Amino acid sequence: MKVDRRSFLGLGLGAVAGIAISPVGAKLTDDLSIWTQNWPWTPVPPDGEITYDHSVCSLCPGTCGITVRKIDGRPVKVEGRDTYPVNNGGACLHGIAGLQYLYDPSRVRTPLRKINTRFVPVSWEDALSLVADRLGELREKQTPEALACITDTDQGSVAGLFKHFMAAFGSPNLLTMPDLESWLAKAAETLHGSGHTLGFDLDHADFVLSFGAGLIDGWGSPVACFKAVAGRKQRDAKLIQFEPRLSNTAAAADKWIPVNPGTEADLALAMCGVLLRENLFEPEFADGFKGGFMRFNAMVQEKYPVEAVADLTGVPAVIIEETAIAFAKAKMPVALPGKGRGDGAQSLKEFAAVHTLNCLVGNINKKGGTFVRQNTDYLDFPYPVQDAVARKGMAAPRQAASVQELTARINQSGESELKVLMVYNANPCYSLNDPSSIRTAFEKIPFKVCFSSFMDETAMVSDVILPISTFLERMEDVPSKAGFAGSVVGLAKPVVNPVFDTRSPGDAVIQIARALGGTLSQSFGWRNYEACLEEVAAGIWDDLIRQGYAVLLNPFPAEPVTTDFAFLAENPETIQPAGEYEFTLIPIDNIGITTTVPASSPFAIKTVSDRIIKGQDMFVEINPQTASGLKDGGFVTLTTPAGSARVRVDFNDGIMPGVIGMVKGLGHRFDNKYVAGKGVNVNDLISPVIEPGSGTDAAFGVKAGISRA
Amino acid sequence: MSEIENKTEHGSMDGATACAAGDPKNDTGLGLGVIFFIVAFLICFLSGWLLFPKLLYSKHEQPFNFDHVLHVEEAGSCDACHFLREDGTFSGIPKMVSCLECHTDEPMGDTPDELIFAREYVAKEREVPWFVYAKQPDCVFFSHAAHINAAGMDCKTCHGPIGETRTSRPYEENRLTGYSRDIWGKNIWGIKKNSWDRMKMNDCAKCHEQETGHKGYCFQCHK
Amino acid sequence: MIQDKIAHKFGMVIDLDKCTGCGSCTVSCMSENNVPFKEDESDKKDSITWMRVYRLTNGKPFPDAQIVYLPRPCQHCGGTGDHGHSPCVSVCPATATDYGYDTGIVSQIYTRCFGCRYCMVSCPYHARYFNWWDPVWPEGMEKYLSPNVSPRMRGVVEKCSFCYHRYQLAREKAYVDGVDEIAEAAYQTACTTACPAAAITFGDLNNPAHKVHQIVKPDPHPDPMNPGVVGKSRNPKVFRLLERLGTNPKVYYMSEREWVRKLGDSYLEGEWEKVKNIYGSASQ
């Protein structure tokens, strides 16, 4: 017998036969088919018990109540909180995408210190003592006023702690970023005296005259505004939108009236003139008019005749007259100032002029009207303990009224008078006009501390970054603001332990003060931020803990209101955009894109239209009537006094001829491939123009030229 | 089985005959071929039955032995620990919180398992990483509430007499699919004697068809 | 016990006059259903958005231009005659998608799908999306994924499920509460609850007590002019997309504005004039 081909054949056949009548075939067939459906590298989210936590979103001034769904303590979804007095269910896309911010690739994960040009991780203790040392030097040199601090808002206890810190330290240079609330407060202060602010009862108003206020483009408390706009049909309420562009608000309005950009104040004053001429103002409310009401009347009749304003604004005279009269005759009229989101560069003249319409018709502190109310100060901070150094510093003159004024001043001087800058939850190096000039000024300040959750443009130019827990990881009081009719304080609670080595900003401030010792330590006797909050918000603490919010004022303010016309009677100058070009470039606020802190989430960027951003290229909207020689979608070079950019053209029939628009909030330059590196920051193209009355940038746009690229 | 065997053998004989026809003198290889065939057959047949199941599944011992009998005696019934939550979802294997309703970080008995539990998990505040025999893949949605409350089924129908065990058998995981062995069944052919022996989609569908008249739509059990 | 024998027909009506185009529905949907995202999402053909908001215009020059936003989830077509032969279901060679006759919801089973994309071709609404890449979340971000919806993998198609898992959870709750019927509020999709303008109304089109039924007033009889079309709205302001095709979507749209309703289909010259006063506009 010899081994030959047949033996091997036998071997093979035997093996096949043996396998065939064993379970291998059947079992492997089944298993392999399942194997092809297995993707072990796709995550399998662990299951568990579903629980819900109530909190408040503080991503924007909207302050919506949120409910966070958790699985075994792991947050998986943010939704609007039902029955919360601001949003009453429903939420905006940024809040819903809030969990993405927890794990955002650009989060600052540990305290960082800049050595040469690189950031090096340091411990919290080292970072805090570094900051305290630099601050201590200022006090030793008896120049505490060389410290400046920029916060996002002046509302709430965290801003209160910064204010407390600055007072105990001895510097008057505490500045806030220009948000809608700050503009409303400025307007209220101008017309009704300091300590006031404005709210608008949009849920009940039956005639809303909006001077570019993007009610559904992010103005005010967005969800509350959405509801008010959507609920119009049932209430038979009208919304009239003056705006150079068919924004979403204009598209949803009952009437869109295009108006030349930057002439809204003139339009409002002409309408005031119509009301005064036709004697359509409310006599009872006029009892409170003072400070040159007659002068104001004469001024508007002389300087703002309807015909002339019609030419200036592009709104036909008959429409101005009709709209003014319809506004005065409505039962519950409200006029809204604040273009787009109402933050950033706005004009005090415009705010005051628009609000004067409210004052003239007298629908003030009534249902469906405008609420003029005292700032509801629910926080009771103790007086800071000040030593001689602090008192001397506080007596020094304030360097500037706004961040832009401050940076302009630094850029003009040889050496910065400011030696230390603290920035909390703000990104001035991105979100203000001409941010490069702000960066230049910041570079002249020797030491900058950034309290930030994200490595954004401002954090990048800082010397020390103190990483702050996001709104989902910390406790904080969140007062309603930005024109919201009610006065509600919500309590944001940590729904998850800090993901990284971050701390609450309040704790960071307290710890810096403690490290400074002396009177600062005495001023900050609290164990931690939570103890501080419980003490300073003692009056509403029970409500905050029990229901997650406290209602301060219900239903509306009752005190008598006086109106001072002195500011407008002087006929302050209307701001003109910089430059000598053919077009007027205006920034566009889009609800899907955030323009301040934090930058948009990946989900938010995903919703952005491909006619706003395509790949890395950004579009500029232009009316086809004034786009001769240009191709829809083609590349052009946009040139303004502040700079130039290569963008694509988007033919849009909804923008006034001669006006071009670019969406705000893109063109970030930090390390986050989902959000940054897309398009152009429109602020880079806009030169600031400081308005004399407010000391704040009021450049609503800029002149721009277009050439084919 | 034998039929297949016969066929295969015939096949090989046919081949041999065909060969022989071509070269009639040289037919000595056939005998060796048969031996080779038998050897190969036996090796493959036995490996298929005995070795293959061993290779196919990897065994994992539970973190420590769990005595269901003892716990049923103490706690009363299955749903004392494996309960439906108020929202209708099923709690599954109890978390440490449930255990601590009775246990402390002092061992309650004197078994080594008690000691492991108390020292390694209770004292260190760790969850016990149990292997779940009845674990279904991620694409499956299973409603315990529907089967217990609505259909009135008892645990045993699907889970078998696990409540009557004193020791925890090792968890066996299919190396190819990553599924628990209980899904296909202990029997390597997948032959089912008891209702709880196998838990594949067809088993669900069969019961659904009997009980509700319809196998159900995809989304009823898949997510 | 829940009466499975009574067939539901879940559907929604979207008030386009209320929709602000804000995108809350899109984000709520993505967050609820573990939809991934990638570095560049500006190529909308491969950007997975189960609920996509389209921006439509009236095509008129300044100053008569108008915009409307149209959110588009899966339309959960009932197919010709509403017999469950949805365009996508009838072409799937893998039975990875089926029509739930108990709910009217069109399913999509990712593990079953082998990625031939026939369904995407057959869907007249572009409601289905293909995973060209494996989903990748930035480090740590996979911790927010929900266990109620399986994350997908490359090579499979996905689409809106009307948040079926929410229906499942509502049923579980109903089982332990021992109630017979799932309340209208107990099962609502993520887009519906997120919409800040309350533009979306979701419920059972078969249940006259549900708001969606009251708004849509679906006609139980086939359209005499086009017998494949069933469930036309008897509300003259309500329409469906491409209704004449007889796909019988369960997503209805509502608008006071005629030009918006006209956008629901591609009408040839003169066609709209003939049908515009007929409710649903599906005839011919």
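Which chain is which? They are A, B and C, in the order written, and residues in each are numbered from 1.
Following the convention adopted for this analysis, a contact is a pair of C-beta atoms (placed from the backbone, for glycine too) under 8 Å apart; a residue touches a chain by one contact, two chains touch by 3 or more.
Here the structure is a predicted model, which means the values were calculated and not measured.
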Contact graph of the chains (line, ring, star, complete, other): complete
Sorted by contact pairs, first entry is A-C
Expressed in whole Å, how far the mean CA point of chain A lies from that of chain C is 33
Between chain A and chain B, the Cα-mean centres are separated in Å by 56
Per the C-alpha means, the centres of chain B and chain C lie apart by a whole-Å value of 40
Where chain B touches two or more other chains simultaneously, the residues are 87, 89, 137-139
Contacts with two or more other chains occur in chain C at residues 111-112, 151, 169
For chain A, residue numbers touching 2 or more other chains are 37, 44, 47, 50
The chain A residues in contact with chain C across the complex are 37, 39, 41-48, 50, 71, 74-80, 87, 89-93, 96-97, 99-100, 102-105, 216, 222-223, 226-227, 229-230, 233, 246, 248, 251-252, 256, 258, 499, 591-592, 602-611, 613-615, 623-625, 652-657, 673-674, 678
As the complex stands, chain C meets chain B at residues 1-2, 4, 95-103, 105, 107, 109-112, 148-151, 161, 164-165, 168-169, 171-178
In the complex, the residues of chain A that touch chain B are 1-24, 26-28, 30-32, 34-35, 37-38, 40, 44, 47, 49-50, 72
So, in the complex, the side of chain C touching chain A is made of residues 17-18, 20-24, 26-28, 30-32, 34, 37-44, 47, 49, 53, 55, 57, 59-63, 65-69, 111-112, 134-135, 137-147, 151-154, 169, 190, 193-199
Within their complex, chain B touches chain C through residues 84, 86-89, 137-139, 141, 143, 145-146, 149-150, 212, 217-220, 222-223
